[in-house]
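Down below are the structures I want you to see.
Next come two complexes built around chain A: one with chain B, the other with chain C.
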Partner chain A sequence: MSCTVRIASPLQSYTAGAARVDGRGDTLAEVLGDLEQRFPGIRFRMIDEQGRIRPHMRLFVNTDEARDLTAAVHGGDTVHVICALSGG
Partner chain B sequence: MSTLWLGTRKGLFALRADARRQSWTLAGPQFLGHIIHHVVQDPREPRTVLMAAKTGHLGPTVFRSGDRGRTWREAAQPPAFRPAAVGAEARAVERVFWLTPGHTAEPGLWYAGSSPAGLFRSKDGGERWEPVAGFNDHPMRSKWVLNGTPDGEFLHSILVDPRDPRHLYIGISIGGVFESTDGGGEWTPLNEGVAADFLPDPSVPFGHDPHCVVQHAARPDRLYQQNHCGIYRLDRPGRRWERIGAAMPKKIGDIGFPIVLHPADSDTAWVLPMDGQTVWPRTSVGGKPAVYRTRDAGRSWQRLDRGLPRAHAWFTVLRQAMCADGHARTGLYFGTTGGDVWASTNAGDSWRCLARHLPEIYSVTHAS
Partner chain C sequence: MTLSALERARYQRHLSLQEIGAAGQEKLKAARVVIVGAGGLGSPAALYLAAAGCGTLGLVDFDRVDVSNLQRQVLFDTAALEQMKAEAGRARLAALNPEIRVVSHALELKAANVRALLADYDLVVDGSDRLSTRYLVNDACVLLGRPLVSAAIHRFEGQVMTYVPGRGPCYRCLFPQASDGMVANCAEAGVLGVLPGVLGTLQATEAIKLITGVGTPLTGRLLTYDALELRFNEFRVERRRDCAVCGDAPTITEPRDREAPSASAAPDGVRRLTPQALRALLAAGATAPPLIDVRERWEYDTGHLPGAVNIPMSELPQRIAEIPRASQPVFICRSGGRSMRACTMALKSGVATPANLEGGLLGWAADVDPTLPVA
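And now, the complex of A and B:
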């Protein structure tokens, strides 16, 4: 399925500055795998080596927050990559 | 030409000077906003510099430069633990904390230490990293390493014996010093004689808190460490550390983070004591920072504070944030948690400030 992925600013060095890119996949895992193919290194900055979403990252499919990478992605969905951090 | 690489909580800076080391120019920031834990030049190929970095949001990684830090490229495969088997502890690198170039006979080999405590190796100049299973999967690892300290435990002070690339030491805070004689396949604790006042049983063989362990390049059988519980020296093949910090003034104590060795004289070392009393402020003692130098392998210590602030300087100097250069008149440098960089070009006899108001400094390393 084709979707849109919105890229938070800390990750835009991987997407040549693009804030929005196209993605492909039926799950978040597949979408992120697709991103990694085109933007090498981007996945590991979001997802640790055990497949967990890093503590200060949040992934949404449309308006629903995904707790893991099994979340389904449908054609026309928007995946939001959000960075969440507090403090100085 | 001298370069000081400054890894800070908010980016990478450099101080550069000519051969006389009189006039220094601050450059940067590069990677503004990135958390830079360590920046290390490759002595085997001085154009190569590696940097351990992450950001507040993004996972840990390593950047590599092949042109003395002008341009950088991210590692294709950063340090990472192996995916955990079902039911096993699923560890993930939270930060790459330490970088060490490998032996001169092994160009391109690098080691990295992480938090949580993990050891990693690259054979291609830092492009692709693999876990060192001999430590990371050692059946004793979970007992050696005290998991769950609030800021995570760190693997640091990766030392490669200049006589033998298979002879390695590592330090773990909290865990202790460990030695391998087979290139990282097997490890044994090396903590005899070191205090561990914070443990229920201070006489345990591991569980200690070395803050910084160093090996003398010209006399590799001589090790020093600045520990959470004092300053120590060990002359191999001995196995019992001697608390040379016992000769420090009692009102100063022998607690600190860094320890730096003279490049040629194995009897000369410098420390920067901090307040380790009561609730552990970890600031300069009494707000009056001073470097202490020994020239007799720790039998006596000399206070060196000429040029340093006389009062109300409540900073901390972290374990990677002090270094020496290789000049005939040894240059010493340290960076503070308050963002200042201090230098001495006469082996610590006097000091001057090279830069102020930088972000919290995590790492100061010298490059030629």
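And now, the complex of A and C:
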């Protein structure tokens, strides 16, 4: 399934500055694997060596938080990658 | 707390609102709000809360007004350069509304003082510019039972969330752990000047709603704002039962100064080099490692270490192969955040034991060579 992925500002260095990219996959794991193919290194910024979502990152499918990578992604969904921001 | 004739005239537009009226305005007059960080977010939040008649406003900031602040920190004018922000802000707010009391706290919030300071206020607005302060303030608010309106910004993007004790998740439920250095700050990444104006006024809006009891607060919801697309998004966030501070079995029972370094902040295999340690390495001559400066080109051009190669972070994924796998490179940036991310990326790409210059070139300038110009 194809979806839209909205990339947090601090990770846009991986996507050549793009805030929104297309993604493919039926689960969050597949979508992130697809992103990694095209934007090497981006998955490691979100997911640690144990496959857990890093504690300063949050992933949402549409408006709902995904606590792990098994979350289903349907065609037309938007995956939001949210990062803790420090600026004030 | 009744309103004087002068106050009734000043707040007439609020009094005309049925939802606020005299009762709501009196609540505002009785309210004590503290703003942590008199910066991009704190400026508009403070101005609007002062104008709205918030009776006691505290301003916490230990920095001085720098000329680079004036692009967004609208609490200050050019005449305030070099003044303490807390004091310059107090004077500006007092001029805006002499009916209120403004308290300046020109100090750095620490575990040792945060509880006592926040305890004097009913509500906290966090516009600080570092993650360690965000967690310190969040934890203190949870422990004290104070509502907190927290916001943060980066480049063209912002986020805001409200915590009300017993009514939803706290900031640590949203992001259980993060360390400064994992995310570039405004100085490194830049920020659209008007961006904190949007987020800071949202914080003031939330504060006024909580004080007067009108509307629906932004609890259990994270609101994000993308200025380039002019788009707001809202996400449901739930309280974590395993939250370290507001969860069912909290492990944080007192505010603490700093997050323990996490594995993700300093992955195994990354060496940490102090400026002095790097100087010693470079003095070794023939065995000196390659230096990779990951700042933007214009920063590099302002000043860099001799022999440093410039590969900006934005180009690193594509150019990582230029770095020999066994060369044990040293990654360098302005303050050590971007270069730590570069180390992580290099590790992932098979570069053996990359090193990070801790404190970046600012640290180098402070400890080794004060003549180095650092953009």
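Rule of thumb we're sticking to: the second predicted complex is superposed on the first by the 84 of 88 C-alpha atoms of A that agree within 3 Å, B and C clash if a C-alpha of one lies under 4 Å from a C-alpha of the other, contacts with A are read in each partner's own complex, and residues count from 1 in each chain.
We take it that a contact is a pair of C-beta atoms (placed from the backbone, for glycine too) under 8 Å apart; a residue touches a chain by one contact, two chains touch by 3 or more.
Everything numeric here is computed off the predicted structure, so don't read it as measured data.
Novice: Quick one: chain B and chain C on chain A, clash or fit?
Specialist: clash
Novice: Which chain, chain B or chain C, is in touch with more residues of chain A?
Specialist: C
Novice: With both complexes superposed on chain A, which partner does A:Gly17 reach: first (chain B), second (chain C), both or neither?
Specialist: Second partner only.
Novice: Touch check for A:Gly41: first (chain B), second (chain C), both, or neither?
Specialist: both
Novice: First (chain B), second (chain C), both or neither: which does A:Gly75 touch?
Specialist: Neither chain B nor chain C is touched by A:Gly75.
Novice: Touch check for A:Cys83: first (chain B), second (chain C), both, or neither?
Specialist: Both: A:Cys83 reaches chain B and chain C.
Novice: Considering only touches as defined above, state whether A:Gly51 meets chain B (first), chain C (second), both or neither.
Specialist: The first partner, chain B, only.
Novice: With the two complexes superposed on chain A, say which partner A:Phe60 touches: chain B (first), chain C (second), both, or neither.
Specialist: A:Phe60 sits against chain C, while chain B stays out of touch.
Novice: Report which listed segment of chain B has C-alpha atoms clashing with chain C; options: 62-70, 134-142, 242-250 or 278-286.
Specialist: Of the stretches 62-70, 134-142, 242-250 or 278-286 of chain B, only 62-70 runs into chain C after superposition.
Novice: Show me the chain A residues, by the header's touch rule, that chain B contacts in one structure and chain C contacts in the other.
Specialist: 8, 10, 40-41, 44-45, 48-49, 54, 56-57, 83-85, 87
Novice: Show me the residue ranges of chain B that touch chain A in the complex, using the header's touch definition.
Specialist: 55-59, 61, 74, 76, 78, 80-84, 90-93
Novice: Across the complex, what residues on chain C touch chain A?
Specialist: Where chain C meets chain A, its residues are 37, 39-42, 126-131, 134, 151-159, 174-180, 182-186, 189, 191, 196, 222, 224, 226, 228-229, 233-238, 262-264, 313-314, 316-317, 320, 341, 344-345, 348-349.
Novice: Spell out the residues on chain A that touch chain B in their complex, using ranges where they run on.
Specialist: Those residues of chain A that touch chain B are 8, 10-11, 40-41, 44-52, 54, 56-57, 83-85, 87.
Novice: State the interface residues of chain A toward chain C in the complex, per the touch definition above.
Specialist: Interface residues on chain A, with respect to chain C: 6, 8-10, 13-14, 16-17, 19, 39-41, 44-45, 48-49, 54-58, 60, 63-65, 80, 82-88.
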